[in-house]
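Down below is the structure, laid out as structure tokens.
Just so it is clear, A, B, C and D label the chains in written order, and each chain counts residues from 1 on its own.
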Amino acid sequence: MQLDSLYQEVILDHYKNPMNKKLSPTYSKEVHHVNPSCGDEITLNVTVEGDLITNISWDGVGCSISQASTSIMSDLLIGKKIDEDFAILENFTELMQSKGTKSGDEEILEDAVALAGVSQFPARIKCALLGWMAFKDATSQALSETEAKG
Amino acid sequence: MSMLDVASIKKDFPILSKKMRNDGKLIYLDSGATSQKPNIVLEAERRFYSEHNAAVHRGAHLLAEEASEAYEGARATVAKFIGADVEEVVFTKSATESINLIAYSFGNSLPGSRFALQPGDRIVLSEMEHHANLIPWQQLAKRTGAEITWFPVTDQGRLDLSDIDSIISTKTKIVAITHQSNVLGTINPLEALVKRTHDVGAVFVLDACQSVPHFAVDVKKLGIDFLAFSGHKALGPTGVGIFWGKFEHLQSMEPFLTGGSMIESVTMTDATWAPAPRKFEAGVPNMAQAVGLAAALDYLTKIGMDKVEAHEHALTKYALEKFSTLRDVSIIGPTNTQMRGGVISFTIEGIHPHDAGQVLDQHGIAVRTGHHCAWPLMRKMHVVGTTRASFYIYNDTSDIDALIDGIEYAQKYFKV
Amino acid sequence: MSMLDVASIKKDFPILSKKMRNDGKLIYLDSGATSQKPNIVLEAERRFYSEHNAAVHRGAHLLAEEASEAYEGARATVAKFIGADVEEVVFTKSATESINLIAYSFGNSLPGSRFALQPGDRIVLSEMEHHANLIPWQQLAKRTGAEITWFPVTDQGRLDLSDIDSIISTKTKIVAITHQSNVLGTINPLEALVKRTHDVGAVFVLDACQSVPHFAVDVKKLGIDFLAFSGHKALGPTGVGIFWGKFEHLQSMEPFLTGGSMIESVTMTDATWAPAPRKFEAGVPNMAQAVGLAAALDYLTKIGMDKVEAHEHALTKYALEKFSTLRDVSIIGPTNTQMRGGVISFTIEGIHPHDAGQVLDQHGIAVRTGHHCAWPLMRKMHVVGTTRASFYIYNDTSDIDALIDGIEYAQKYFKV
Amino acid sequence: MQLDSLYQEVILDHYKNPMNKKLSPTYSKEVHHVNPSCGDEITLNVTVEGDLITNISWDGVGCSISQASTSIMSDLLIGKKIDEDFAILENFTELMQSKGTKSGDEEILEDAVALAGVSQFPARIKCALLGWMAFKDATSQALSETEAKG
């Protein structure tokens, strides 16, 4: 396994210029997640309108993989239906757990396929999933709060 | 009689070719205390150390990855062996630690938690418990004001369940009982106990030290809440035990040992916990021992736990018949094979267990003598101690014949 | 520069000939997390299992005798290694358990005992503690109403002792501090700390995880009260740690884990305890691991702990000089070799530790990255985490050269 | 090592017909000791008059070694000076710890030399010492009580 399979150009680009990395002051739900084994942290805001994710913004510290993955995730999931986003998330999680057997469906995952190499480095899977899990948690919480009210 | 191929099994255990006193051979009948280890277990440990050793969950480097994979793989093997989910399995150093973990975790619970005990609450045990499933509960009772009550044991060495509804009452919070007695061989009827425990809203803790190594145990089928066993009695290394708990319990329980790797976040004055099972595994774990235990369970699975059970059942039947021909020898425990495992405790009229053990040792026969860490049971059975023979997969009828001959020799030697 | 014969030492460690990614060789710089094991340790464990395995202290038979002798012999070896009396040495599963043992035992003390804590009492720690020497005390404080106070760490990574007299006050009951920081490499000046601790009538607990394996530690000379270390960081097996305490303390302390073998007498509702060290060793112990640890300590003794220390000192000096030539690399901790061990934490401008570790791993260099179970220290030093290289007897300057090259490669790779 | 080196005729005789095994109703001090690894128990009474041990009586359950050893001990130590008894006790303890290298001084230990073989069976040393340790404990307690009074 070569380093380049992990650190694809796309990843290093997102790492240097992350997207949506500035917390928006308005949101439906904010969550804070940590990766206890390395200390990386992320704060993520999600805005839910009806069945749409209209905004995701975040801030945090972390390695290139976690930063790039969160950047890619936010870009990919904003503006789509919640169902669709959850399907994408599912698909990405499977890719991460594939131990290098999958290369990822570019139709569904777009830039996120660049993270396929991570699945061969078990210790890094958590890095790649940090932002995605924060999104999942924030959205689920936002939904159940809406339900509770509604 | 579906016997195992003991001759070929014996070859897997290097210690069984050891030369004993006077160059005699080893007849190991003390597996109830600790089992012997097949080569494959020693090899698994050696391989871990010489190929993958690193602190798990703590490094990005290749060895750390491999060590984590080996350790988590071992967890999956244990889970499968007892029918559990993988995140329900916690590695401890021993069954003793596992039971203490439960007792201390309950003791650490905040008021209002379903695990918090109050004065007047009851912990139900039995008179045949090993000290490991007795003293931690006594201590918990002392710390919380709860009371210990217990099922008595009959003269035949069975649990007396006639008062089950008053012994397990609405005041009961915990019922902790052994699956199989390490002294009597008695296998306890769990169904009624677990049902009554749950009817009163209590949790059921199973001491499975003498069952998991000897017959198939499925935690889901048994419907219990917690289980403990030791690796060293199941062909595994010393220094590793298992604590199993239903995941919903593990989630709401307080941690026991605290330190590295079990945290979510830490400041100088406070900390939050990682999800189970990590919450219960503070520090660099007993990685090589976990891997060794997994190798042991794989070995048992390959033989087949049903075959292990049938083999021990047959040996026990054979031994009980032989014992019945002996003069002045009393079995402490059931004399039939109904709900009974391969542990036979006995006394010889006029010969103290320690002296009996010594004579047997002279013939290379390793048995245990004394109170077997079950002192209250000794008093109940009106004995100072017993001599105990316990069987495992590497024993055959010739070992029992040797035992019987040894007992007769002891009677002659001490002229009783 | 009194170097060891590293080339010949390396041959004793089978894992050091492992083929890494792309068939490269292993450059193991993660001994601070766990050390590698010499063949002699693996052999000692195998010999125990294949020649003497039996439950210690529990049988009259030959194997039980031999196992007890091996186990108690291991205790004597450990005692000698740290200058202790043999009955002061307790085998645990890890330093983490050892420290929890002390904290829980204190928590179990009855009012009036010198170890009982009350609201207002203080436990003094430092900002450089490993979670294992922090969270157990936080939990004890929560259970008893005591308060945690601590020595701050300076920017140079030293303990700030300027307020020692107010930090260790007459309210202080326990001072628990690490001998050598697992992050900074700092060795703490114990004399002043122990003196002040005893002046106020408190007890001093030493976390010796990073000292006992690396230089001679004599508990009597240090004048401390309690000490903890882990076998796996001292060339020993996983699953074994040491708790040492002054015998007079051990006598009056409450037990921690309860169960078999630690008792004097037992009824259904009560129990009394065996004398120390047995009182603290419930259950069938980690016998093979104790024996393996003794073999590891014998190996170190044969090399000579003064030589081990000198070797690591020389390596650290060499490494610090090399590091000072690197661009955009900061050392977190002392940059001189004064009172400093062979652990070097660093950050590389523009490269997250996890990414740095990954690039080093690609070259077979095993380092640790992250918070090293010392999260409060990370915050104090204003870093998310560090990359850490730690040295032991099987490292030489070529390993450090490889590390330096690796760091430069990482800077090139990530274009920083 | 042969069984006979452990179970000498003298031992089996004392086991079958133990001496002083009946608690006397009067004594200076009574103690109760247990051997926690096997559950054996002993109650022992000692009578101290001035610097003399004038009586030792005992009862208990235990193996042949512990019973015989206690029987031999009581017969040997009654009627001697305390100092002398403590010296004999010291001598016997050393014999027990000798791992088979000593055969015991018959001048001092009399019948107790028959227990020399025990030193080769580490698990049995505690059995042989049970009664002796009870004697030591009882006498020491009796002495310190006299001192406290006196």
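Definition applied: a residue touches a chain if its C-beta (ideal position, glycine included) is under 8 Å from a C-beta of that chain, and two chains touch if they have at least 3 such contacts.
These figures come from a predicted structure and were not determined experimentally.
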(request) Indicate the lowest number of steps between subunit A and subunit D, counting one step per move to a touching chain. (result) 2
(request) Quick one: point me to the chain whose Cα centre is farthest from that of subunit C. (result) D
(request) Looking only at C-beta pairs in contact, point me to the busier pair out of C-D and A-C. (result) A-C
(message) Suppose each chain is reduced to the average of its Cα coordinates; what separation in Å results between subunit A and subunit B?
(response) 45
(request) Return the distance between the CA-based centres of subunit B and subunit D, expressed in whole Å. (result) 38
(message) Which positions in subunit D are in touch with at least two other chains?
(response) 37, 121, 124
(message) Counting only residues that touch at least two other chains, what does the list for subunit B look like?
(response) 21, 58-60, 64, 261, 263, 265, 354, 358, 369-370, 375
(message) Applying the document's contact rule, which stretches of subunit C touch subunit D when the two form their complex?
(response) 57-60, 64-65, 68-69, 261, 263-265, 274
(request) Flag every residue of subunit C that touches subunit B in the complex, lowest number first. (result) 14-15, 18, 20-21, 26, 28, 30, 33-34, 36-37, 41-42, 45-46, 49-51, 53-55, 58-64, 93-97, 99-100, 104, 108, 125, 127, 130-136, 138-139, 143, 148, 150, 230, 232, 237-240, 256-261, 263, 265-271, 282-289, 354, 357-358, 360-361, 364-370, 373, 375-376, 379
(message) Residue numbers of subunit C touching subunit A in their complex, please.
(response) 21, 352-355, 358-359, 362, 369-371, 375, 378, 384-385, 413-414
(request) Over in the complex, which subunit D residues touch subunit C? Could you list them? (result) 34, 36-37, 121-124
(message) Residue numbers of subunit D touching subunit B in their complex, please.
(response) 1-3, 6-7, 12, 37-41, 61-65, 121, 124, 127
